[in-house]
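Same chain, two partners: chain A is paired with chain B first, then with chain C.
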Partner chain A sequence: MNSLVNRAKMLLEEKSVNVVIGYEAGTGGTARPAFISESADAEKLIYNEHCVHNLAVYLSKQEVRKMGKIGIVAALPVMRSILMLIAEHQVDPENIVIMGISHDGSLLDIENIQVMKDYISKSDPGNPERYKDKLAELNKLSMEERFEYWQKELSKCIKCYACRQACPMCYCTRCAVEVNQPQWISVKSDISGNMEWHILRAMHLAGRCISCGECGRACPVGIDCHLLTMHLSDQVYKYFRVYAGLSEKMSSVLSTYEPNDKENFII
Partner chain B sequence: METTIKSLRKQSLEKLYNHLASSQKIYAPIVTSDKQVEFRYNPEFRDVTFEHIRSTLSVKNVVFPKIENLFYFTNTKEESIIKDIDLNIIPEVVLWGVHPCDSAAFDILRSIFCWDIKDEFFSKRLEKITVITLSCHKSDEFCFCTSVNLSPDSVKGSDIQLSLLQNGDYQAEILTEKGNELVSQVPDLFEQPSGEKKVIAGVKNKFDNKKVTSNLSGVFEHPFWIRNSLRCIGCGACAFVCPVCACFDIQDETKGKDGRRYRCWDSCGFSLFTLHTSGHNPRQIQSQRWRQRIMHKFSYMPDRNNALGCVGCGRCSSSCPVDMNLAEQLEALQNI
Partner chain C sequence: MSDFEPKVVAFVCNWCTYAGADLTGTSRIKYSSNVKIIRFPCTGRIDFMLLLKAFANGADGIIVSGCHPNDCHYTSGNFHAKRRWIIFRELMDFMGIDMKRITFSWVSAAEGAKWAEVVNNTVMRIRELGPYKSYRDMVNAKVEEEVRNE
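== the complex of A and B ==
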């Protein structure tokens, strides 16, 4: 990991960036997001199997934006999130330096967005292998059985919105659930309120989710809510042949009309 | 009441549980997945866990449900007709296997809900519970009860405290009249103490809470808050898993002419929590909301409620998606 630490030191010393967002040691041998703004602190940076948080979520946080130019430690899901954020005009590519991390944890030389795109294009853009069995299992269920499964799962939800807050694509400064005049979405966390929230969340992420799985990992009560958005990623690919986070010029699939769009799914 | 100490053989524990579960509501912890421990009503004894360090959620929902109906109403052209909730239908519940940190939270919640006006819903629910605690014989790096004036075998809020003994049996400390009444239903199960020692977990003292409280009065504008909350993503997990957090929202929900007013859990970590009608928000950024969380629990509450707003259960830290370790931050505030 010396190369990552050295790169961070260099970027901070040269003043190419004001802060490096990476990972440091967390409680009990885990890892957690870290913000390094002094080159002397760069030694704290680590990269190992515990570094799973999607750091792109911080690129739209007010306090972080105020820090100026940002260096960001970016494994594949972070890189794809960054492309989506650029495509949706949330991140200025001029304002970030990407410290790419390869599959085997080594530092990549990402000079510009094109290099990053080339790197991303070498990987499978579909849902990660480790989720495929569960997704397939759910797809085998009848619609009633699936509804029952999700009702049971979502009854656990406490509406803490960790799923939303951990997601780089949920960057709205005022989420639909926070609009209270009128109150579109029920505030309470009962089965109907929970279903409304999770359906809304999944639909807003359809075609935008890059399948990092952070929403499910962040959930304190263990709801696999990432399976909802991942299923929609599969559906969007099925109907539109598009995966999110492969290009910085992508327009949002579900809010853009193309004359050759298939319409056979509209009943 | 003077505390009575008895001994309960392992087999008697099962008999006690089954006796209670067959006659009333009992709320006990079960392991539901590798990371989740949930309290459920009347689970089978064989599913009840005695080995968990902390349940995913605390048991505060028994006295402060995530949704509490306050009244029903019917609107006519002339008036709104209010129908009160019949509080007498709230059932008696035995809480089983609650750890001492969680039982200590009831008194703190009372200091919030009955601060000036006695909250009828909370008070009635509190009146209806009997708490059988289980001392902690296991702990982890997130536990810090000893730093907030408690311990793995403190008895605050408990009616009967069970503790694992070295020979695998349990000790029962009968602490209140409620506890005594329960014991008197099955007196034969409780034997004279055997003299075996209790197995109690070690929990490291991490900070001096008095020093933290005293330091907090002078650091409102300190850069600490921004620096230490950069990684906070602003969800409400910490507040909702916390046994002490008591903030709620009040909402009306109508269908045609009929409706209800309810309160439901809310969190000071959310920006909407303090958004004014004018559009102004006194806590615009996450660092201000993180500061509020710590200030409320360790400065405002000691001042106003004469209690710390924390029992050191460690849930906020263990359930945080980004490892905002509260004890670690309090340790830093002790030396600020």
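== the complex of A and C ==
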């Protein structure tokens, strides 16, 4: 990935960015997120199939905002997250330089938001292919079987909230689970409390989730919690014809409405 | 199951359905007494978590009701609520929570008779479905866990 290293070096040297967020080699052949602020360190940057973290998660953090101009290594899900963060006024588009990565891992020339949008519009905005089978399989089960499945899955949850931490769209400085008046979600781990947490998380991400699957990947006990938000992405498209992260001017699906929204269950 | 009396919690908005339920009473229309009405400023205020808490605390059925579209006291609360319920129902269904147990309706302040009908139909449906045992079992699993930990 020489072009990526060179680009990062150039950006840091000419001071167009103060820091580059990318990936460096981790232990045992893995990759991990890296913050590069010296051009000499740009050599550390890598990009390979292990670079899966959604780096957009850092952009809304207070500490990172203070760093000023930021260069970010962005594959497609990261680009969509960034668009969504701009739409929600969490990221100033003037403050970021996108170092786009294409499907085959080569560096893209993304000069501005419009170019990024055009690139995104060429891809399929739906859920990634690798998750579709599992979603379809769950949808085929009976109601009782689904309840059984989720109880079994969510009983594993240890409420570490890694799913929340890994998600670029979960940026509230005070999450509902850290509030105790009212205490919506019990602190300890129990099945119904765990289920309430995952329902709350999925509902808060409805129409905002860009289906990167980071929540499920971050889960230390292997709960497929990304299926909940991905299912809702499908539903939001089905009812409201909207996918998240395709435009920097999108308003949130659940805080807007159309008077003629169709439903068939209200009597 | 003949001695089963469904517990139904109704989350209603202050301006339409609550007034509508009042009208049911002043019009001396008899309706099922299984319903416990909780008054909210607006359907837009009804958090989905409240519905889950109702089930967790022993409700067998739930009614959510407010002003007809375009009649909201706050102009758009019910439109927002409608979107939220569309998505919420799909999520609940995906997680296997029984949506036949929740009735959504628009009942205006003039529809006292409709309110009686909504409640009676819901109670009848819940009576057929029986107690919401599977949800309560899940909540009780937690209690057993607590006992074991002690």
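Simple rule for what comes next: the second predicted complex is superposed on the first by the 261 of 267 C-alpha atoms of A that agree within 3 Å, B and C clash if a C-alpha of one lies under 4 Å from a C-alpha of the other, contacts with A are read in each partner's own complex, and residues count from 1 in each chain.
Keep in mind that, in the parts below, contacts are C-beta pairs under 8 Å (C-beta built on N, C-alpha and C of every residue); 3 or more make two chains touch, one makes a residue touch a chain.
The structure presented is a predicted model; accordingly, all values stated were derived computationally and were not measured.
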Overlay on chain A: chain C relative to chain B, clash or fit: fit
Contacts of A:Gln235 with chain B and chain C, given as first, second, both or neither: second
Touching partner for A:Glu196 - first (chain B), second (chain C), both, neither: second
Touched partner set for A:Asp261, first chain B, second chain C, both or neither: second
Which superposed partner A:Val253 touches (first chain B, second chain C, both, neither): second
Chain B versus chain C as contact partner of A:Phe147, first or second or both or neither: second
First, second, both or neither for A:Ala166, with chain B first and chain C second: first
Touching partner for A:Pro220 - first (chain B), second (chain C), both, neither: first
Which superposed partner A:Ile46 touches (first chain B, second chain C, both, neither): neither
Which of chain B and chain C A:Leu138 touches, first, second, both or neither: second
Closest approach of chain C to chain B (Cα atoms, Å): 5
Shared chain A surface residues [contacts with chain B and with chain C]: 190
Chain A to chain B touching residues, read off their complex: 26-28, 30, 32-35, 53, 57-58, 61-64, 158-162, 164-166, 178, 180, 183, 186-190, 214, 217-218, 220-222
Touch list for chain C against partner chain A, complex: 48-49, 52, 56, 69-70, 76, 79-80, 82-99, 103-106, 118, 134-135, 138-139, 141-142, 145
Complex interface listing, chain A residues touching chain C: 138-139, 141, 143-151, 184, 190-193, 195-196, 199-200, 202-203, 206-207, 228, 231-232, 235-236, 239-240, 253-259, 261, 263, 265-267
Residue ranges of chain B touching chain A (in the complex, touch as defined): 32-33, 35-36, 56-57, 66-67, 140-142, 226, 229-231, 233-237, 239-241, 249, 251, 253, 262, 264-265, 267, 270-272, 284-287, 317, 319, 321-323, 325, 328
